[in-house]
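Below you'll find the structures, each written out as structure tokens.
Presented sequentially are two complexes of subunit A, the first with subunit B as partner and the second with subunit C.
This part shows the complex of A and B:
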């Protein structure tokens, strides 16, 4: 993993979603959307607070885009209400909503130049000409495009078009900014750079934002909170750290990052620890906190690859430890991913940071090694 | 440059000759001094002069251009609406039938179209008194039917490749639906409308068969006038006229190409 992949923690002093007295800025109440008999979105309840950068994360077809389009007003929910600042917006057409969207394709008007594109929304509202000019100039400066105001969209690069699209959706100072996969069309290097820039701009203009993405890294980097969606439902809402470290289900643990999954039965449960017996590993799995699930339950234990340590000699601590053989090594430069086969046949992934330059390889194919992890690293999942 | 083998140059030359030699002959002989079409008697523009003194031909030309312009305008208007219905209104009942009927004149023999229009107009006249005489309006109506199929096909193709998110973006930015149509949709499909207009115009200008059926006394279109004059012997005057038409149409095509080219660059942005 490259340096820029290190999660960027948003400077949020207070966490309004933890304060029960705080009123949500955007509120979705029991939203469902059916296309014929097919439910695209099922019973979604969601509260977004002022100035948040909120992400809807999920695989394609999970209903996140439909949810976004309902907020923009392009789709009408089959049931449920949408509130913005406490006002019911469910039946308000898109052109009367205080919401602007940045489209995945950018949707820049090809017959207008950059300034005309950005000023389009203001012209619709009958803003006086000189004010339009000022505001367009201001926003162009914000996205560092002042020099290119007279260009047509086809004369711009992908990154420049992305800035124009962002500027166009910000210039009306909407109450809610919707971002539909805003970085999907950019190449990798530019995308990583733009993630930070987008967050900086969003903080500067202080506009509440909702982003849709299927890229977990993007969501983790940019968001204050993430809602993970699957099959039309929100399966977990939380900060990036919560979602990554404490996933609620197998699906989430697997979708956000990667996880080694051990299937087993809970054999011991106390407030301070839990023991899981798994056929997939010899020796029981030990967790250093209670899990409030009845003994005998069928559970899974998820362990992230970067939380696993590889030893050449057998460690003293026998819990959460196993012997394995190196079957695959993927060298990524900054880290290496090892695939290890346990004696039970289970394949485990472990990432190792390459502190030293690898000239003489410490571990190689078919080496016998030991792997272990801390009692706090495993997460017990019931579904 | 090994690519420029003689074989390639010659085959290209033959190809172009096959396509354009007849037209080139026509243009050259329009400047012929001699009265005979097949004898070169020196350079002269006298046939252009006599052409502009020939009221019969000039009247026919003006009538044809008038009919062509009105036809093109009406069929682009109706064609746009039909194409919008076909592309935008989803799978409404009878969509397939509608699409088939609109484009049927493409494969219908012109003789049949002409004849059926003539019969229709006669029946209409005996029932309602209109049209009391065949001419400008009846030719225009028949030509609209003829060119509508082509117009719908061109505009439909453009609408099918239209990026809907452009319209959604405009709605999202506060434009009401009718404004979205006039500020976004229409300007973007305008090149297709221009192309369709030009095609309808040339189709109408060019038509001899249908027009002959539905015309009446006093209304002679240009193709009819040319055809009539040919029967009494080819006059160099007609060469001059044809040269002017070729010039006129070439200019139109070049203009259309320039418009389309500029717009294509715009369109490349998504």
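This part shows the complex of A and C:
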């Protein structure tokens, strides 16, 4: 993974989701949403804890935005209940919910200046004028926009509008902050910078947040936990590390980062290891964790490209090893990605960190090489 | 070098062609709007006489040597001194203002309702709004006579049901003029409002609800302010033609309905006082230029600040 993908370790270190006695702050119970006959969200159960930065990650059309809109109150779930701090919010209209949303389009009011936009929610609540001014000034300082309070939205750049939208959704100190693809409209450089800033602000104000994104890098960088969604269902919930290193299914392994997938049959199964025979590499795969399926089952082994080592000479260990030819090299500066074709025709991707300045290529196209990985590198997937 | 020459040439040709394209509509405006207007202006400074044409020439050649220019402001003084003209101006302004407000009150909910409809239904409802344009304006005005007169459809029905004993006076009064004007100009109002209401982004209403605004307040704080350009455009489109309206007050308003359009007509064709009639037309034009200037100003302002749809 490149530099920008280093997970951002959150201060929520107690990991409240591991404590069965901890009460969830936001709780979704059997939420389903049908549009006509089409199910946008199917039977979702989800618990989010106080101060978390939780992400819903999935491809477009997976139902994540619908789920977010149900939390905001714009859509009513067909079945199921939504609880915030233990209070049933399912039938509460959006204007009475302690929830604020930052819209993907920002949805800033074009006829109001920055201060008026941010103060809008406070005015609805009848907050006294001078308190509104104080709180707006405070939040403007937080998002570093103090100078631009009198500007109209159309006089701001994309990044500035994004800050105003964030400030507007934070100023009411909601119990839950909803972020709908908050960085999607920014260019790449600004996005990477804003990821960290957004998390910093969220920690400073300590508001429980739920973000929807299709960008796995964004989700990994910013979140305490991620729920991966596919076809209206949550397929896995976990910390960024868990999701990346221990994906539950082929879909997740493939959607989060890249993974080489080896199809095979389970031949040996013990609590501390598993042995899989794969026709695809014409050899055996040895994995240092147990699998809870019977011997003879059809399984897949996922190995991330950065966990594969390339050798010029044949390694002694015959398991977790394959022979191939370099067919493609992509030089990315920090790393190079090699595409290797095995004798069986399968293409494997391997990432090599460029520790030294490359002047003379060690490996080049059509070189015959060996690749291997450790027993702790792969993960066995059943579905 | 040759290439540059060529491109210069083609640029020149292009320039001439585009100028020509612009020139044609300009010519049209100059010939058929500006020149007649100047003629009217000229006549308004002349004196009425009984001949053909019924006004004096402004420029005389004395002995073929001296140019003698004769301007008189008598027609304008006439307008100020004679109560009839001021009365009809005021009446026109009043009827146009009330009709504009009525159009706005009826048109706003209508336009708002249409924008809230499903896309397919929206088309049919817009079609219904535009449909009356497919029939001649005069025929529609006459149709209202058939509805409103003493033995018309409405009175006959009410008499038949026994709700009234004698026909209501629906025709030949201000009420009928209001009906006629509101009916005729409502589509302009609805279409302008529809245009600007459609531009109000749905997510802005969601944002305002999300920030604690109940629906009626969202309407007042978001939808209404953002539809002001449409309100102004629609009001102008109703108000301006309504002030000078002639056919509707003539057909539906009866003989006593002295709106300025009717007075103008009387001056031109009955009294044959062309200079006074021209002066009236010029004064009317000046009066109407005030709201047009306001409209222009606001449109320019919203054009600068109105790019709220781009991200």
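In this section, the second predicted complex is superposed on the first by the 381 of 383 C-alpha atoms of A that agree within 3 Å, B and C clash if a C-alpha of one lies under 4 Å from a C-alpha of the other, contacts with A are read in each partner's own complex, and residues count from 1 in each chain.
The criterion applied here is as follows: contacts are C-beta pairs under 8 Å (C-beta built on N, C-alpha and C of every residue); 3 or more make two chains touch, one makes a residue touch a chain.
Model, not experiment: these values are computed from the prediction.
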item	value
Subunit C versus subunit B on the shared subunit A, clash or fit after superposition	clash
Subunit B versus subunit C as contact partner of A:111, first or second or both or neither	both
Contacts of A:185 with subunit B and subunit C, given as first, second, both or neither	second
Touching partner for A:357 - first (subunit B), second (subunit C), both, neither	neither
Partner chain in contact with A:72 - subunit B first, subunit C second, else both or neither	both
First (subunit B), second (subunit C), both or neither touched by A:154	both
Intersection of the subunit A residues that touch subunit B with those that touch subunit C	72-74, 93-96, 99-101, 103, 105-111, 120-121, 124-125, 152-154, 168-169, 172
In the complex, subunit A residues that touch subunit B	72-74, 93-96, 99-101, 103-111, 120-121, 124-125, 152-154, 156, 161, 168-169, 172
Sites on subunit C touched by subunit A in the complex	201, 203-204, 206-214, 217, 221-222, 225-226, 305-308, 310-311
Subunit A-touching residues of subunit B, taken from the complex the two chains share	163, 165-166, 168-177, 179, 183-184, 187-188, 263, 265-270
Subunit C contact footprint on subunit A (complex, rising order)	72-74, 93-96, 99-101, 103, 105-111, 120-121, 124-125, 152-154, 158, 168-169, 172, 185
